[in-house]
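Read the structure below first, then the notes.
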Amino acid sequence: MNTYGKLFRITTFGESHGPAIGVVIDGCPAGLEIDETLIQHELNRRKPGQSKITTQRKEDDTFKILSGIFEGKSTGAPIAIVIENQDQRSKDYRHLENTFRPSHADYTYEAKYGIRDYRGGGRSSARETAARVAAGAIAKQVLKNYSIEINAYVSRVGDVQSPPYTQLDLSKTEDNIVRCPHPATAEKMIDLIDQIRLNRDTIGGVVTCVIKNTLVGLGEPVFDKLHAELGKAMLSINAVKGFEYGSGFEGTKLTGSQHNDEFVKEGKTIRTKTNHSGGVQGGISNGEDIYFNVAFKPVATIMQDQQSVDKEGNEVTVSGKGRHDPCVVPRAVPIVEAMAALVLADFLLRAKISRI
Amino acid sequence: MNTYGKLFRITTFGESHGPAIGVVIDGCPAGLEIDETLIQHELNRRKPGQSKITTQRKEDDTFKILSGIFEGKSTGAPIAIVIENQDQRSKDYRHLENTFRPSHADYTYEAKYGIRDYRGGGRSSARETAARVAAGAIAKQVLKNYSIEINAYVSRVGDVQSPPYTQLDLSKTEDNIVRCPHPATAEKMIDLIDQIRLNRDTIGGVVTCVIKNTLVGLGEPVFDKLHAELGKAMLSINAVKGFEYGSGFEGTKLTGSQHNDEFVKEGKTIRTKTNHSGGVQGGISNGEDIYFNVAFKPVATIMQDQQSVDKEGNEVTVSGKGRHDPCVVPRAVPIVEAMAALVLADFLLRAKISRI
Amino acid sequence: MNTYGKLFRITTFGESHGPAIGVVIDGCPAGLEIDETLIQHELNRRKPGQSKITTQRKEDDTFKILSGIFEGKSTGAPIAIVIENQDQRSKDYRHLENTFRPSHADYTYEAKYGIRDYRGGGRSSARETAARVAAGAIAKQVLKNYSIEINAYVSRVGDVQSPPYTQLDLSKTEDNIVRCPHPATAEKMIDLIDQIRLNRDTIGGVVTCVIKNTLVGLGEPVFDKLHAELGKAMLSINAVKGFEYGSGFEGTKLTGSQHNDEFVKEGKTIRTKTNHSGGVQGGISNGEDIYFNVAFKPVATIMQDQQSVDKEGNEVTVSGKGRHDPCVVPRAVPIVEAMAALVLADFLLRAKISRI
Amino acid sequence: MNTYGKLFRITTFGESHGPAIGVVIDGCPAGLEIDETLIQHELNRRKPGQSKITTQRKEDDTFKILSGIFEGKSTGAPIAIVIENQDQRSKDYRHLENTFRPSHADYTYEAKYGIRDYRGGGRSSARETAARVAAGAIAKQVLKNYSIEINAYVSRVGDVQSPPYTQLDLSKTEDNIVRCPHPATAEKMIDLIDQIRLNRDTIGGVVTCVIKNTLVGLGEPVFDKLHAELGKAMLSINAVKGFEYGSGFEGTKLTGSQHNDEFVKEGKTIRTKTNHSGGVQGGISNGEDIYFNVAFKPVATIMQDQQSVDKEGNEVTVSGKGRHDPCVVPRAVPIVEAMAALVLADFLLRAKISRI
């Protein structure tokens, strides 16, 4: 249940306000050189308190590797990474012990398990995604051996939309705090989020992810199609409401003659003229760019009073407290990349056994 | 790879033009009364040749149960169902042995496996979904024990869009050949598909699925969130390009104060005033309607000449042959329902072990 | 539950007296040349009615491949094999509908599922192993690519014991009906079984299996040790009561200085002087012969009256009917080989992903 | 690969001389009261340095729970337990960097992975079993809810054999340092081990495990038979060479009429007169005592010079160093119990979903 992947597999654990969160990566091939600074780099991209448009909560998110790496290389043994929780302020949450916050997981956890760690959302907290990001940083190092590059960025906040990725320089994503590589759009997004924050409200958005230099042949034919697994991986991230790849929902309005990607020969390589397929045909990568959109709802915690009920069914007022993000998408960028990396690393291993 | 589900698990097999396709259902609880006519009923909804807007290919799709059912009840042993292939006309496909049809899986299968059964798409054919529909008909009988109802319908063809589901009478879905329960919209959809067919072209669309009477507590917290698993299941269906649930992509434009679903008490039940959450919070069902959209691209096979390449990289012209659907969504409706039923049956079993 | 293996995976289905039994092999690498006559050859070795010391029940055990093989080669798609049931004589079993035969699975199935297909043991019948043998014949063809050879034989019947395998010519196993490659011992075994049969009784025995030319590096370090998986595979065969490999139970009486296998260099290869390890160290093959013993209890069905109870708890007499084996081990030889082949094929694939 | 179990699932990590070892338990039902002192109790039973007949190495084996338990109860979230490594003395092992110790995993790990953490055996060290024991202590608390009791003891050291378990008082197992509940035999065992230790040698033995008050219906019919899973679990423990349950290898010498367990009614319960079946019929528990034997080879590390080769194939002499057990079976008792508890907890959960 808390494990993801078939061959390159992660198991995460930990609650928002417990002693620590962490991840065990099982199935990382032996002999991989691990650069630990890249793990910290990715954790820093995700961590709270980075800028005025993210939560002001400070978390160091320093990690410790407990196993699986020896003299700088993976040994084939499971890699356990632990991140201790700090700045927990559990007191902030005691008032929520019996209350179900709107559009949070409080009620469903209580109903399912009969018990819940209510402190900061417990296991349902997005803090769990730090473990994914740490594991994703290892997966990215697997992908680097194959020159595969993953670049996510914020393509929409509210209704502020950036141009399509083919018109963008994705190396500029980290140049601004909203992580949109189109400077003019980024500015508008930041203004919008800032305004929303002042309104004590939150706003949703879209993260777009582009994967370049994908090998041909990743993905499995039927249930474990490459895009199906990417879809599940993205939808498993907190606050995600939708996933589309290639031409996506808009593509359904096209005709087959408009939508089909004709094959052409380019040197020795078979390419497609267009890429409505989003780099995936029949569930298997064809070597073109893989690109997809991930929809994030507005953060559920708002600095306003809301009506709700408590465990006993009494009407109560939930008042927003604590320090929360007005918009989750800037910090979601490294999480989307991490999940994409985990999916691809898994399929890379699976592809090794497709032929005798 | 060809298995779906954790506890209620299906394994499908078979190629479009081999002797048979089929499915093994493993993990169906013992003692379930099985009505075999419901399996045939679902297969009939999916089968080709139903109307002027679907392919004219005739397939009987009669099935045979080989195991797992004794005196009308499941025994706990695996249920194997086989559907023999008929009307195969393999000759239709011999010209495609060396050619890669645009936006089909021909190229990626060849690249991945170095060998492919090119007849009718082989394993990549949507014929495989008949096995899913047969298995889904068993899953639906599991759900019936819990009064859970699944209703999918065509909500958009091209840009012809039906009103939202809350304004529809879902019992009318089967009243017309396009499977849209809104008669006026259905008529427009049929006209559009008919026009597209005359143009020797194809068109995409959207299937919406609504699940009512869901228990509270289905779905798992982290990776196997209810909507993540539904997303994967839908994205694994041939031609699907996107998935969104609840407020979906549009919901990302809202603010938290607009989007949050406040809890209220209704009799003894905790409900939400609105349902942007789509019946799922923190990956777990909250008892409200679960609803989601599935985007289908236009069918890749068109009755027109297209440019492509063959195995050796020579430029070739692919001419549309055979009998194909101008629009896949009407026949996709029972497939979407089947996959939803399989996901829910699996989570129903998983929910049985969530507490001591 | 009815699936075995991680990467080379089989799912079996079918009851003794249903329409058919079968298996779906998922994960067989593409491009494997499949010789179908080898499948029939293995099924013939397992089938009833081969000689005077096996059951006189006649079953043809002819199989049909439904998918996954195209023009003589595996395609990477699942391979489904079906064997229809014949000579079912279900009437033979109607008297057992309410009775629990001693040391059979009747009672435990009834208690677990509340329903059981009582005809011939239903799912618990050793007939299920025919599906394993068919799948094992495919696995053997995978192993042949690596020159790995599996040879099982009968090493003991009752207390008639053959010399150790290192003193035997394993190519002679099929030379006699009891499948013991030591002619003098084979004669004694046959005499013993014949005597037991005349007594309307049954007798147990041991099958020894030897695997030669194993690659170094098969098996996984912790839970999925090579011998642990072989043990599970063997113990999952009907009537098996024990498993030991290498020095086994007797080896526990030795001291470390007697038991340790010292390493030596032989040409370019690292070998061990002795092989108490049975070819496995730390759960991973070291290239020496893998050998193990599998203990089979006496067949539970005897041609004698036995006391038992029925569903209501009434005392009843069970009278042996039908046609059964006086000793199961000769027919178990191909089953042991099949399961060993499945385990090794799985580990061969797993070994492909152990390094970057 | 480092995960065991289907529904009650553990993933272990850690090397002998890394920062820590640990385990993540996933699938523990919510609401289980956890007594943490029982975890320490089991760890203490396993830890080195307990008596003169075990290694004199001192390890504290104190554990820390990182997640999954809130206010004394399991929450349904994964339970992570970490045990830091102390007293590591890595210097002890530097001389083994290039040397393959006889009957250790050094050579096979090196051959499989191309890299190994040679310090104290790294991942292949029996230290990994501490993580299993910690997890098993949680599993035992699940079983306690069903009154299931697991008792293992040392039944043989070398050729010193205790009487059968039915003649023993299993509550006396902890009364002596060798963990044999038969005092006279225990004394002989201790003398033997002490003698072996003085000879700078080691000796093997057998652990017997008895499970009482098992529910009827645990275990799955085909591959995941209760005894097959127990067999795999036991064979996955370091140094185990064999597994037999019920009548085991000796039972193969019996006839069916001697071996069959006739059913009788005892009050309202269906029982068997004898228990050659070892509490398992057709892979499913029948409510009688489950009992089985686990064979442990002599510890490979001996305080004597042995011939071996190094990485380059040069002949070398391996001299025994460090502090090691002359006989592993006394400390193996809690490990056998832990693995048995993990298997049963898993099957208890699986049994919950066997019927509609």
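Observations, loosely collected:
Just so it is clear, A, B, C and D label the chains in written order, and each chain counts residues from 1 on its own.
One rule holds for everything that comes next: contacts are C-beta pairs under 8 Å (C-beta built on N, C-alpha and C of every residue); 3 or more make two chains touch, one makes a residue touch a chain.
These numbers come from a predicted model, not from an experiment.
Taken together, chain B and chain C share the touching chains A, D. Relative to chain A, the most remote chain by averaged C-alpha coordinates is C. Of the two chain pairs examined here, C-D and B-D, the one linked by more C-beta pairs in contact is C-D. Centre-to-centre separation between chain A and chain D, using Cα means, comes to 39 Å.
Each chain gets one centre point, the mean of its Cα atoms, and the points for chain B and chain D are 46 Å apart. Centroid to centroid, with C-alpha atoms defining each point, chain C and chain D lie 26 Å apart.
For chain B, the set of residues touching two or more other chains reads 1-3, 12, 27, 30-31, 74, 76-77, 112-114, 123, 221, 354-355. If you check the complex, the residues on chain C that touch chain D are 1-4, 12, 100, 102-105, 107-109, 111-114, 123-124, 128, 156, 158-159, 196, 199, 201-206, 216-217, 219-225, 227-229, 231-233, 235-236, 241-249, 251-265, 268, 270, 272, 276-278, 281-286, 293, 295-302, 304, 306-309, 313, 315, 350-351, 354-355.
The part of chain B that touches chain D in the complex is made up of residues 7, 27, 29-32, 74, 76-77, 142, 145, 221, 349, 352-356. Considering their complex, residues 1-3, 9, 11-15, 18-22, 24, 26-27, 30-31, 64-68, 70-71, 73, 75-80, 82, 112-117, 122-123 of chain A touch chain D.
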